[in-house]
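Structure first, then comments.
Order of writing sets the labels: A, B and C. Residues in every chain begin at 1.
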Amino acid sequence: MNLLLQLLANGIVNGAMFALLAIGFGLVYRSLRVFHVAYGACFVLSAFVYYLLVTCGGWPWWLAGLGSIATSAAIGTLMEAGFYWPFYRRRISSEAVLVASLGLAIMLENVMALLFGNEVAAIPRGLSQSVTLGPVRLTMIQIAQFAICTSVASAVFLLLRLPSFKIVLGMGENTELVQTLGHSLPRYRMLVLGLASGIAAVPACLVMTDVGMDVHAGMSYLLIAAVAVLAGGVARAPGWLLGAYLVAVLQSVVIWKFSAKWTGLVAFALLLAILLFRREGLVGLHKRKEEG
Amino acid sequence: MSLIEPSKELPPQAVRHSAQSPDDPVPAWMLWGLLLLLIVLLYAWRPTYVSHLLVMFGIYLLLSTSLNLVTGFGGLMSFSHAAFYGIGAYAYAVARLQAGPSGDQAESIIWAAGWPFVPAILFAMAVGALFGWLVSLVTLRFRGDYFVFATLGIQMIIFSVLYNWVELVRGPYGLYGIPRPDLFGWSLRDSWQYLLMLVPVVTTVVGALWIVYRSEFGLKLKAMREDERAAMSTGIATNRMAGLAMTIAAGVAALAGASYASYVTYIDPTSFSLSESIFLVALLMLGGAGNLTGPVVGTLIMVALPEAMRFVGLPDAVAANVREIIYGGLLAGLMFWRPQGIAGERFVGT
Amino acid sequence: MINSISPLDADNSGILVFKDLHKRFGDIAVLKGVSGKLVPGQISAFVGPNGAGKTTLFQLLTGELKPDRGSATLNGQNILGSSPYRLAGRGIGKLFQDVRAFPNLSILDNVIVAIVARQSYRDKPFDFGLVRNGRSQVLAKKAREYLSRVGFDANEEALAKNLSWGNQKLLALARLLAGEFRCVFLDEPIAGISTLMANRMVPLIRELAEAGVAVALIEHEITFVESLANDVIVMNEGVVIDSGSASEVLSHAETREICLGL
């Protein structure tokens, strides 16, 4: 029982981080209809930017975090302007864009491997204190992870409720909407990708501070984000959160029962199982369009 | 949806012959190119080097022609082909390895049969085809980007099992000492001899696939690729066709894997990772999917590319990354300039 | 309005009967109890304003959608819930509103696909029958017959995507003929094509019915309905508001208003 609570707590902390990851991915997939595979590579890149700023630049953690978020947002914006927008202009199918994005991810990953090497990088940290709450023990870092990620997620949700951001969520169903309302579609798309990449940088820095990562981790993090969004339901943002927490808790149970190396496999099997029975995900709108 | 474009209305006679038929025979320039390549290679006269290249060319030809059935004809972008390749390699390896004398290795894997060459090859193909069929049952519930993502996930799952389940096939340590082919008591020692065995196999299988491309089955797959709803309305059981295509393709990929394992005699999971799958799709798209010669051209270019890079003199550690960067760039570029590559039926150049 | 179904209908005469079909998409009820029947040798025209649910009805009867409620039988046997390819095997064919010729296949191959599919859907599901030289001469010859029946004289090796809209419709019709169906659904076959093309299309549809095929047709142009249809079913907002023989229905002032008031 106690163990179960501990696992649940660990899962919830990770869930808060995965939730941010999923929000970024979900925003792009929902609003732009782009299956952003390179998102995983962006995530890793922002983690390494943070790493460099802290270890080589000697920046304080919060400043380095802001720097990483800004860099990531800039890269995301650039990606939209220089990569996805040309595809959109040519009306290339979403499937082909996914494959292209996969190509981009591979390129980024290997450029990073050339720059940073293949070793796991982590921010050296002193012995972290831990807090005991009844049967559950959490390190200070875990608490910080949860607090930061949850507040950022709440902020993002509030942001999306602003009238001007309503368009962002409506964009996926009706691309013309943006133009009929007199806004510039390219700018809105850049906004979404910039925002998504910036959001992803938050958990990236936090993972870097805790367990660290190597340059090849992008695909597994992408898998987590995509599984959370697709399993939770693309149509509605609360579904993404549900998916993220589900994946995280499941992973923590898998780590306990088996080993960390099976987490990716289990996450993906979960997704397939959900999609086979509920195509629209757990929190889906009732399916409007049947095939065709 | 405005589908009505009266301005396009032309009398039927105005339509001119607009595309080369996808069934054109191998163009002459390609044969010349092949010959030229052969001459250059032989000029370099490093016998094992040349034969090694030819063996790899044969193996990749099996992979690309089989993937072509699914991706070029069925129009389904599959990113799990390398997984079937790996399954074939491992199935062959465990079927051939002896349980007894080869020592610690065979004891640390679940099953080692010690079969002769031919049953092991057939076994590998059967296992590959079985996996292909099972995977098709799951992935064919999806289309478009969901299908791509599902195959990508399957690739990662199979890789993860091969890599992490150490008790199964020794995970990252790989399997060594895989026996080379021995046919009727004649065992193949060097790669020229190996080539002697591989050439008839590849010719037969690729020839058979070319026949399948041109069969009614191939035509039905193309119809599905072009418009699945319309294909179904004419009476084509599209899911069954695609499932069959995936099964055949996986079987042939497993044959390629078995050939690879028997050739290099040491395998580990990293040869069958997602980047290998990406490489295969890029290779196919580069040549032009959905026709007979595309896979041949793509394979030629992609097998030659690393050699060209070695020629330039990049250090090995860097070269691996640079190669992947090139493949990734190719994939993205092909999607941009030739998104119809899936259904393009023509070469990149033309 | 609902046609009563006599026990006589449940025979082998090729009659397609549908009863009380309901379909909703999310909150919108698109079909609210539609009934009718299609008789071999007869052309039944479905008319009504856009959004009346005509295309949706056709999708239900060709297996592309499943109804929420209702029944449909061909020769007394249920057809609902079968996939489109199974129904094609049982003799139900369709011309799509958006045509859907196979864009990257040649004109000839477009038709050959239908012949091959028809030949194999019953007894040879996995057919590796060789198509020598890309296709056998026998198949090509058959395909040419269908093409000439619709009066197609474009280069048979041209890709379908390079054809004009009207020619694509004609090609889709040739593909439909090649299926040798017993019951066909034509979703706006005449809309959006030139008068020249329309004048070719009309006799073809009539021939189809004369050959004993049950033809269901969606058409907005009242003159074509008058010249083609034996029966007319008028739909509006998911229900049949009038049906009967063409001359009778088209004389109703209200029907004319709905049809012409598009």
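Throughout what follows, a contact is a pair of C-beta atoms (placed from the backbone, for glycine too) under 8 Å apart; a residue touches a chain by one contact, two chains touch by 3 or more.
As the structure is a computational prediction, the values presented were derived from the model and not from experiment.
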From the Cα centroids, identify the chain that ends up most central relative to all protein Cα atoms. B
Chain pair with the most C-beta contacts: B-C
Comparing centres built from CA atoms, which chain ends up most distant from subunit A? C
Please compute the C-alpha centroid of subunit B, do the same for subunit C, then give the distance between them in whole Å. 41
Whole-Å distance, subunit A centre to subunit C centre, using C-alpha means? 48
Any idea how many Å lie between the Cα centroids of subunit A and subunit B? 32
Touching two or more other chains, which residues of subunit A qualify? 292
Contacts with two or more other chains, residues of subunit B listed in rising order: 229
Residues of subunit C that touch two or more other chains sit at 64
Along subunit C, where are the residues that touch subunit B in the complex? 62, 64, 83-85, 88-89, 93-94, 96, 98-106, 109, 112-114, 116-118, 120-121, 125-135, 152-155, 157-159, 162-167, 175, 179, 191-194, 197
Which residues of subunit B touch subunit C in the complex? 1, 3-6, 8-10, 12-13, 15-19, 21-23, 211-212, 214-220, 222-223, 225-227, 229-238, 240, 244, 340, 343, 345
Subunit B-touching residues of subunit A, taken from the complex the two chains share: 35, 83, 86-87, 90, 92-107, 109-111, 113-114, 219, 223, 226, 230, 259, 261-262, 264-265, 268-269, 271-272, 275-276, 292
Report the residues of subunit B in contact with subunit A in the complex, numbered from low to high. 77, 79, 138, 141-142, 144-150, 152-153, 156-157, 160-161, 163-164, 229, 274-275, 278, 281-282, 318, 321-322, 324-325, 327-333, 335-336, 339, 342
